[in-house]
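What follows is chain A paired twice: with chain B in the first complex and chain C in the second.
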Partner chain A sequence: MKKIKEDLFALLFILPSLTAFCFFMFWPLIRTVYLSFFDWNMIKPVKKFVGLQNYITLLQDDVTYKVLGNTILYILILLVVNFVLPYIVSFLLSFVIRKGKSFYKTAFFLPSVISLVVGSILYVWILNPVTGPVAMILRFFDMQLPIWSKSEGLVIWILSLITSWKVFGYNFIIVLGGVMGVSQEVIEAAKLDHIPNYKIFMQIVLPMSSSTGVYVLITTIVQGLQYVFTPIKVVTQGGPNYASSNLIYQSYHEAFTLYKTGEASAFSVMTMALFILLLVLEFKFVEKGVYYEN
Partner chain B sequence: MKKRTVTRVAAFIMAAAMALTGCGASDAGTAQDTVNKSASAGDGEKIKIEYWHCNGEGQGGATVEELVAKFNESNDHIEVVAKYNPDMYKGLMQNLQAEAAVGNTPALVQIGWSFLEYFSNNFAYLEPQAAIDQYDAEDSTFLTDHFLPNILELAENSDGGQVGIPYSLSSPVFYYNVDLFREAGLPEEGPKTWEQVMEYSEIIKEKTGKYGLYIQEPSDNWATQALIESNGGKFMTADAEGNVKATFASEEGIYAYQTWADMIADGTALHISWEEGVQAFNSGEVAMLYTTIARRSNIQSSAQFEAAAVNSPVWEGKERVIPAGGCFLAITAQTEEQQAAAWEFEKFLYSIESMAAWTIGTGYVPPRKDVADSPEGLKSFLEENQMMKAATTQMDAVVKWTSFPGDAGLEAEQIMIDVRDEILNGDVSARDGLTKAQEEINALLEAQ
Partner chain C sequence: MKINVKQMIAHIFLGVLTIVLLFPIIFAIANSFKTLEEATNHIWRFIPLNPTIKNYIHVFETLPFGRITWNTFLIAFTVTIFKSLTSIIAAYAFVFFDFKGKRLLYFTLISTMFIPFTVTMIPNYITVSALGLNDSIWGVALPQLADALGIFLLRQSMRTIPKSFIEVAKIEKVGHLRILSDILVPLVKPAIISTGIIFFINSWNEYVWPVLILKSKENYTLSLALQMFISAEGGTDFTVAMAVSVITMIVPLVLYLIFQRYIINTFALSGIKG
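Coming up: the complex of A and B.
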C-alpha cells in the first residue's frame, strides 16, 4: 500500500514535465509518422492515403542523397570545430597556458549569447565576396574571395563556420569544466615524470573527462544540425541547387515552402531513424568506455 | 498535511495544463486589432467593418492607419477597423481560412497575386462590378474610367472573373550608378535595351574594374520572367481548352538566359544572393542593378553615389513585358449592409489622394490612371523622386506574375529556382537546363 502511494507520488512529480513532453514531443511525433502515409498540403480538407509512396519517392530522389551527403559533411566539420577544437583549447587553458585565462574564457563564450539570425546577417556582410571587409583585406594582397554562397562545397564550410561561431563557446565552457575536473595532482605527477603534453592529453585528460566529452559529442551532432538550419534559412535557402541543404532544412523546405506535408513527414521520420541508429551505436560502443566519477 | 500538499500539486498541474491547452486554442486570433479609438466614440448606429492588410510597421502600416482614421472621421455611418496580419499574404490567407471556417469574414481583404486562383476557388467574394451596380449605380463605369485594362486583368482569374481591384503594384526597374557611368564614359541617361546593358557592362569592367550587372536572385522567378518575356518568350501558355503548359525553354527564353549566364562566366555580371547583390550595388562595386521598385528607398538612403533608375530594359526590337508584384483588394463581406460599407471604403482607398498617400508611404506604384499627374496626387512627389518615374511610366507593360496552377505550382517554381543556380553556375547550358526543367514541370502539370 505504501509502495503504491509512493509510486503515485513520484508520478505526480513527473507529471508536469511529462505533460509538456506529451504535448510538444510525443504527440507531434506520432502525428508526423501518421502524416507520412498521406498526400496532403495542410489546407485540403481530405488527406489522401498513399501508403509508403512518400518514402519510395524520397528514396528514389537524387536530392535526398545529396542532402544526406551534405549532412555528413556538416557533421564532420562541426565535430572538428566544435568538439575536437574546444577539447584542445580547454586542455591548453587548463594546464599549459598560465596568463589571461579569464579573458579567453569570456572572449570564446561571448558569441554564444548572440542570436544566430543576427550572426548570420553579420557574416553575410563581413564575408560579402565583393564588398565585405574580408574581401577588402584579401584584395590588398591581390587575392579574391570566391562567391561562396553560390559555390557547391565551399558554402557548407562557410555556413559551418557561422554556426561554429555560435556553438563553440558553449561547448568550450562545458568541456573546460570537464577538463578542469581532472585532478591536478595526477597532472603534476605526470609532469614530474616528464610525460609530454600530448600524452597527458590523450592518456590522462581525455579518459578522465570522457563523461563530459560524450555529452558534448552528442550535442554537437544533434544540436549542431539544428543550429545550421538558421544560417541556411537566412543565407542560402538550401541553394545553390540543394548544395547547402541538410536533413533538417530539407524537411522544413518540403513542408513549408512546397507544402508537401506527407513527403516532409516521411523525411523527418527517416531523419529520426538515422539519429536513433547513431544513438544506439553510441550506447553500444562509446558509453562502455566512459568514466563517471561517482 | 501530506494530503494537502498532494491537492496543491494536483491543482497546480491542472492549472498548468489549462494554460497549455489555452495557448493552442488562441492560435487563430493572431491578427492584431488596431482599432481607431477616436472614431469609435461609442456610437451604436455605425456599421463596423473589418479591413485586413499585411502592412507592418515600416511597410506602410502607418499609412493604413492614417487612411482608416481619415475615412472614419469623414463619414458618420461606417467605422472601419484595420487588422494587421503578420507573415504577409500567406499569413493573411491562413487567418482568413480560419475565420471563414467559423462563418465570420472581414469585409475587405488584401490578396497577394500568387493567391488569386486559390482565393477565387475557395472563398465567397463579391466582384467589384457587382458591388458597383448594386450599391453605387450612378458611377457604373468606375473601373473602366480609372484603370488601364491590362492592370484590371491582373486581378482576373482563369475563368475570366474580376476577383478584385489591383491595389499594391510593384514592377522591376533598372538602377545604375551614374558616377561609374561617367567614369567609364557611358551616356548618363542609362541603357534602354539588354544589348546596351551587355555592351556597357564590358566597358565598365574594362575601364573601372567593377562588375557591370547584377540581376536579383531571390527565391522566386519574378525578374527572370521579365527577362524572358521581354524577349518574346512565354513562361506559360494556355491551349484552347485552357490547359496550361510551361513554355519558357523557347529559343527566345534560352537566348535571354544564356546571355545572362555568359555575362556571369566572363565576369561582367555577378552571380550572388539578392542581399549581397544589393549591398554590392550600394557600395559601388556593381554598376547596374535589376530589381524591384520596392527597393527604391533602401537604395536612395544607402547608395554612396549618384544613383538613377530607368524603365526595365527591352531586347532590341521587342516589346517590354514585366510581371506585377503586390496585391489586390477583394470584398469578402457577406451581408448587404456590410458589402455597401466595404465598397464605400474601398472607393475611398482608390481616390487620388488616398492612392498618392499609399504610394508615398509604401513605394508601390499607383494602379489608378490619373494619380501621377494630378496636383492632389503625386505630381510634386514624382518631381522630387525621379527614380519612381521608372516604375510609373512602364505601367502599360505590366502582366500577371506567372504562377503555375494547382498543387504543382509551388514545386514548379522551385524547379525554376534550382535550374537557375545550375545554369548561372555554368553546370549546364541554358538550353539543356531550361529544356529539362520545362519537361519536369509539364510532367507535374499533366499528373494533376
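Coming up: the complex of A and C.
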C-alpha cells in the first residue's frame, strides 16, 4: 500500500514535464511522420494521401544531395573548431599555463550567452567585403576579401565560424570539466615517471574522460547543425543557389517558404533518421571503449 | 627557462583566441556610440572621439522598442518559471523514487535533446494556430514549459545528495513537498539558479520559434527586431544596428557576469555522465 502511494507521488512529480513533452514533442513527432505521406500546404482543407511519393521526390532531387553534401561540410568544420580545439585549449589550461585560468574561462564562455542573431549581424559588418575592418586589414596587405555570402563553399566556412563563435565556449567548458575530472593521483604518478605532458594528455586524460568526449561529439553535430540555422536564415537564406543550406534549413524552407508541408515533413523525418543512425553508430563503435567513472 | 617559453607561447595562443572571441562585442559597443560618419571613417577607433547616444534614441523612436523589450522579458520570465518548476520536481522524482520503468522514462525524456526542431515545428505551428495563439507571445511560450536539459542538469546535482537525508525525513513523516522545499532546494540552490539563468538567457536569445509565430511589430521580441537590420550586404544603418545589438546582448551579458561561477560549474558537470 505504501509502495503504491510512493509510485503515485513519483508519477505526480513527473506528470507536468511528461504532459508538456507529450503535447509538444512526442505527439508532433508522430504527426510529422504521418504528414510526410500526404500532399498538403497547411491551408487546404483536404490532405491528399500520396504514400512514399514525397520521399521519392526528395531522393530524386539534386538539391537534396547538394544540401546533404553541405551538411557534411558543416559537420566537419564544426567538429574541428568545437570539438578538437576545445581539447587543445583544455590541455593548455590544465597542463601548460599556471596563471590566468579563470580569466580565460570567463572570456571564452562570454559569447555563448549572446544571441546568434547578434553574432550574425556583427560578423556581417566585421566581414563586410568593402567597409568591414577585416577587409581593411587585408587591403593594407594588397589582398581582397571575397564577397563570401555569394561564394559557394566559402559561405559555409564563414557561417560555420559565426556559429562556432557561440558554440566554442560552451563546448570548451564541458570538455575542461571532463579533463579536470580525471584523478589527479594518476596524473601525478605519471609525472613522477617523467612522462611528457602531451603523452599524459593523449594516453591517460583523453581515455579517462572519454564519456565527456562522446557527449560533446554528439552535441556538436546535433546541436551545431541546428545552431547554424540562425546565421543561414538571417544572412543568406540558404543561397546562393542552395550553397549554404543544410538539412535543418532545407526542411524549414520547404515548410514555411514553399509551403510544401508533406515534403518538408519527409525531409525532417530523413534528418531525424540520420541523427538516429549517428547515435546508433556512436553506441556501437565509440561507446565500447568509453570509460565511465562511478 | 624552457618552461617559461612554453608558457609564453600558450599565453599568446590563448590571448589571440580571446581577442577573436571578444572583438565582436567590443566592436559593437564602440560603434554604437559613434556617429555614422565617425564609424565609417574610423572603424578601428575603439573610444569614440564624439560619443553620442543618438543611435539608441533613434532605435526607440522608430520601433516600439519598450514594448519589444517587455515582450522578450515576459516570454523569458514565463518560460523560466515553468521550466524550473517542472524540472525540479521531475528531477526529484527521478533521483529519490524507485518505480517501474524509471530508467526507460528518463532515457526517453532525455533523448528528446537529440531531436531536431524541424521534426516538431510543423505540428506545433498548427497546434498553436488552432489555439488562436498565432502572433501572440503566449504562443511562443506555450510549447516550452518543460525542458530535458533542465531535468538532466538538476538530476546530476541532486544525485550528489545522500539518500539518507531524505530517508530520515520520510521516517519523521515529513511530506514530499516539505522535503523538497525545506531540504532539497536549499542544497541544490546553485544548480537551480544556474539552470534558471540558462533558461532565461536561451529564451531571451531565441529566434527560430518566435520568427514563425510572431507577425506584427508590436509583438516582436528583440531577436526579431534585430533581424530587420541585417542583410548580406550590410545596409546603411550601421551604427543603429550596433545599438540594437548592444541592447539585445546586454541583459544576458550582465546576468552571465553576475552568475558566471554557478553557470560554469553547472556546465562543467554536465558532460560527466552517470
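Going forward, the second predicted complex is superposed on the first by the 284 of 294 C-alpha atoms of A that agree within 3 Å, B and C clash if a C-alpha of one lies under 4 Å from a C-alpha of the other, contacts with A are read in each partner's own complex, and residues count from 1 in each chain.
Everything that follows uses one rule, which is that contacts are C-beta pairs under 8 Å (C-beta built on N, C-alpha and C of every residue); 3 or more make two chains touch, one makes a residue touch a chain.
Owing to the predicted nature of the structure, the values given are computational and were not obtained by experimental measurement.
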Quiz item: For A:Ile72, is the partner it touches chain B (first), chain C (second), both, or none of the two (neither)?
Solution: neither
Exercise. Report for A:Leu225: first if it touches chain B alone, second if chain C alone, otherwise both or neither.
Key: second
Practice problem: Please indicate which partner A:Tyr259 is in contact with in the superposed arrangement: first for chain B, second for chain C, both, or neither. | Solution: first
Practice problem: Examine A:Tyr242 and indicate which partner it touches, taking first as chain B and second as chain C; both and neither are also allowed. | Solution: first
Quiz item: In the superposed arrangement, which partner chain does A:Leu52 touch: chain B (first), chain C (second), both, or neither?
Solution: neither
Quiz item: Which partner does A:Thr131 reach: the first (chain B), the second (chain C), both, or neither?
Solution: both
Exercise. In the three-chain superposition, say which chain, chain B or chain C, touches more residues of chain A.
Key: C
Quiz item: After lining up the shared chain so the two structures overlap, which partner does A:Phe275 touch, if you call chain B first and chain C second: first, second, both or neither?
Solution: second
Practice problem: Name the contact category of A:Met202: first (chain B only), second (chain C only), both, or neither. | Solution: neither
Quiz item: So, A:Asn41: does it touch chain B (first), chain C (second), both, or neither?
Solution: first
Quiz item: For chain A, what residues appear in both contact lists, the one with chain B and the one with chain C?
Solution: 9, 13, 16, 19-20, 23, 124-125, 128, 131, 149-150, 235-236
Quiz prompt | In the complex, chain A residues that touch chain B | solution = 9, 12-13, 15-16, 19-20, 23, 41, 43, 124-125, 128-131, 147, 149-152, 235-237, 239-242, 257-260
Exercise. Going by the contact rule at the top, pick out the chain B residues touching chain A in the complex.
Key: 6, 9-10, 12-13, 16-17, 20, 97, 211, 219, 270-273, 275-276, 279-280, 283, 285-286, 407, 410-411, 414, 417-418, 421-422, 424-425, 427
Quiz item: What part of chain A is in contact with chain C in the complex they form?
Solution: 6-7, 9-11, 13-14, 16-21, 23-25, 27-29, 31-32, 35, 42, 89, 92-93, 96-98, 100, 104-111, 113-126, 128, 131-133, 136, 149-150, 165, 168-170, 173-178, 180-181, 211-212, 215-216, 218, 222, 225-226, 229-230, 233-236, 247-248, 251-252, 255-256, 261, 264-265, 267-269, 271-272, 275, 279, 292-294
Exercise. Spell out the part of chain C that touches chain A in their complex, as residue ranges.
Key: 6-7, 10-11, 13-14, 17-18, 21-25, 27-28, 40, 43-44, 85-87, 89-90, 92-94, 97, 99-100, 102, 105, 109, 112-127, 142-146, 148, 151, 176, 201, 204-205, 207-208, 211-212, 222-223, 226-227, 229-234, 238, 241-242, 245, 248-249, 252-253, 255-257, 260, 263-264, 267-274
